[in-house]
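Below are two complexes that have chain A in common, paired first with chain B and then with chain C.
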Partner chain A sequence: MTDEKKIELLEEMLELDPGSINASMDINEVENWDSMAQLSLIVLIDEECGKRVTGDDIKNIKTVQDVLDLMEC
Partner chain B sequence: MVYEKHLIGKTVTIRPATEEDAGFILSVRNDKDLCRYIHDVNISEEEEKCWIRKQRLKADDYFFVIEDKKGNPLGMVGYIGEYGADYGEVCRLVSYGNSIQNIETNLIMTDFAFDVMNAKALKGYMSADNKNIIGVQKKFGYVIPDDKHIQDGMEVVFASLKKEDYISKRDRIIKMIDMASSANN
Partner chain C sequence: MAYEDLKGKHVLVTGASSGIGRTVAIYLSQLGVKVTAIARRKELLDTLLTEMSGESNSVYEFDLNNLDQIGDLIKQIVSEQGKFDGMMFCAGVAKHVPLKMTKPDYAMEVMRINYFAFEETLRCISNARNCNPGASFVGMSSVSGLQGDKGLLAYSASKGAMNSAVRCAAVELAEKKIRVNAIATGYIGGTEIFNSINERLGSDEVENFANSRQLLGIGKPQYIANAVAFLLSDASAYVTGSVMLVDGGYMA
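Presenting the complex of A and B:
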């Protein structure tokens, strides 16, 4: 999956307009990034990549790039 | 007061706090980063024990320790019944848990408020800067107007949750916890 596709999925998950997120952003700058969004991300990665991400992996996320790395299928 | 039963979820167990938890609770409360959105406390372990002793006798006031499934303490959470039996507040939630554990804690405590304590609605307040908890509570069905107020020296927003609004969100939250926790097994 390309980074562009991952960002598109993230924006959709967070109900943000296209172009709201870029890889270099600090995760805390991302609107709607909260504990529920983190749960959604675990489900999203499981569904899209068949990959199991732990709650602790999510807790360690600092940047959007970290999210993109976790979404590596 | 003490609710002796343990509240058991897939990722956490919530049990009544005892005086033996005083050291852990104090260490959580002294974690400046974790507690950045709640007011400071500056008390000794003995004073914390005394506070727990009094809390256990106080009507409509429940205080719990959150544990992971291995029995390691993660944090604490409370419930206070207000205005008779009609309204309550899930409060004092501070935890080192991950997002799954924290969302499940919130779910278990909201169920406790409505199903065990028979609250008709929940009320509360939170730091206006705590976007995480504001976002989560809205997804639980809380109504949180943008108006800011000063409470305990902090800028806060008030929140309220009707049982029917929670019920409409609950199934989806449970499904997400199920999916996320199964991905973690």
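Presenting the complex of A and C:
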């Protein structure tokens, strides 16, 4: 999956307008990044990649790039 | 020994290969129940068979997601093991999934095993050809069927459906002298459901949550097994259509 596609999925998941986030952003700058969004990301990665991500993996996320790396199938 | 009347009774335990179902199967066998255990994983069932007390128990490998084959399975078990006097339905799945990610496929998956498989098993086993008068059937439910929580929409709906089905079935089956109840529990440690939720939320999160919400701490499968023995035995002869809280005070 391309980074563009991943960001598109993330923005949709976070209920943000297209263009709201980019790879270099600190995760805490991302709007709507809360515990339910984190759970949603686990489900999203499971659905898109069939990959099992844990709550502990999510806690280690510092930037949007970290999320994109986790979304690598 | 307590629950003398359970001796020799034939009880179906589903979801018996692990967690609460496994503990229930072993405990019932220790009380003298003839247990028929069904689950998906053959090797775990074979181990369970060696762990149960008594010689009359049996195990059947079966995936309850195959709803249209449940009737044939019950028929087969009855012809091989005799009619049932009770059931403890423990099969089920749980994951934390927020509403926005609760798409039809996932919701169907949860409803299928947690609710439809329960309903179909209850429908088939409560047929007079398959059970004796005085039978008692119990569904493994949850406080989630009674109270909302983040990320548990499909699971809560499935348990709410089970609770409602139990009440209706109790009314319909009362004249056949069949009792139907559910047990609503909270977080029970060491179960696959608990572990998968723990993995998803991150270490300690569930434990901290459960310990703060459940007055008596995280539960043990044996606490449920004790309640199952009560609901299957004549000790609960006056109890039907109930959703019994065994939740460590979660709902208090």
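Just so it is clear, the second predicted complex is superposed on the first by the 73 of 73 C-alpha atoms of A that agree within 3 Å, B and C clash if a C-alpha of one lies under 4 Å from a C-alpha of the other, contacts with A are read in each partner's own complex, and residues count from 1 in each chain.
FYI, a contact is a pair of C-beta atoms (placed from the backbone, for glycine too) under 8 Å apart; a residue touches a chain by one contact, two chains touch by 3 or more.
All values derive from a computational prediction rather than experimental measurement.
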Which partner does A:Met13 reach: the first (chain B), the second (chain C), both, or neither?
second
Touching A:Gly55, do we find chain B (first), chain C (second), both, or neither?
both
With the two structures laid over each other on chain A, which partner does A:Cys73 touch: chain B (first), chain C (second), both, or neither?
neither
Tell me which of chain B and chain C touches more residues of chain A.
B
Give one of first, second, both or neither to describe whether A:Leu39 is in contact with chain B, with chain C, with both, or with none.
both
Let me check the overlay on chain A: which residues of chain A are in contact with chain B and also with chain C?
35-36, 39-40, 42-43, 52, 54-56, 58-59
Looking at the complex, which residues from chain B come into contact with chain A?
11, 97-103, 131-136, 139, 173, 176-177, 179-180, 183-184
Per the touch rule, the chain C residues reaching chain A in their complex are 96-98, 100-101, 106, 150-151, 198-203, 205
Which residues, counting only chain A, touch chain B once they are in their complex?
32-40, 42-43, 45-46, 52-56, 58-59
Quick check on the complex: what are the chain A residues that touch chain C?
13, 15, 35-36, 39-40, 42-44, 47, 52, 54-56, 58-59
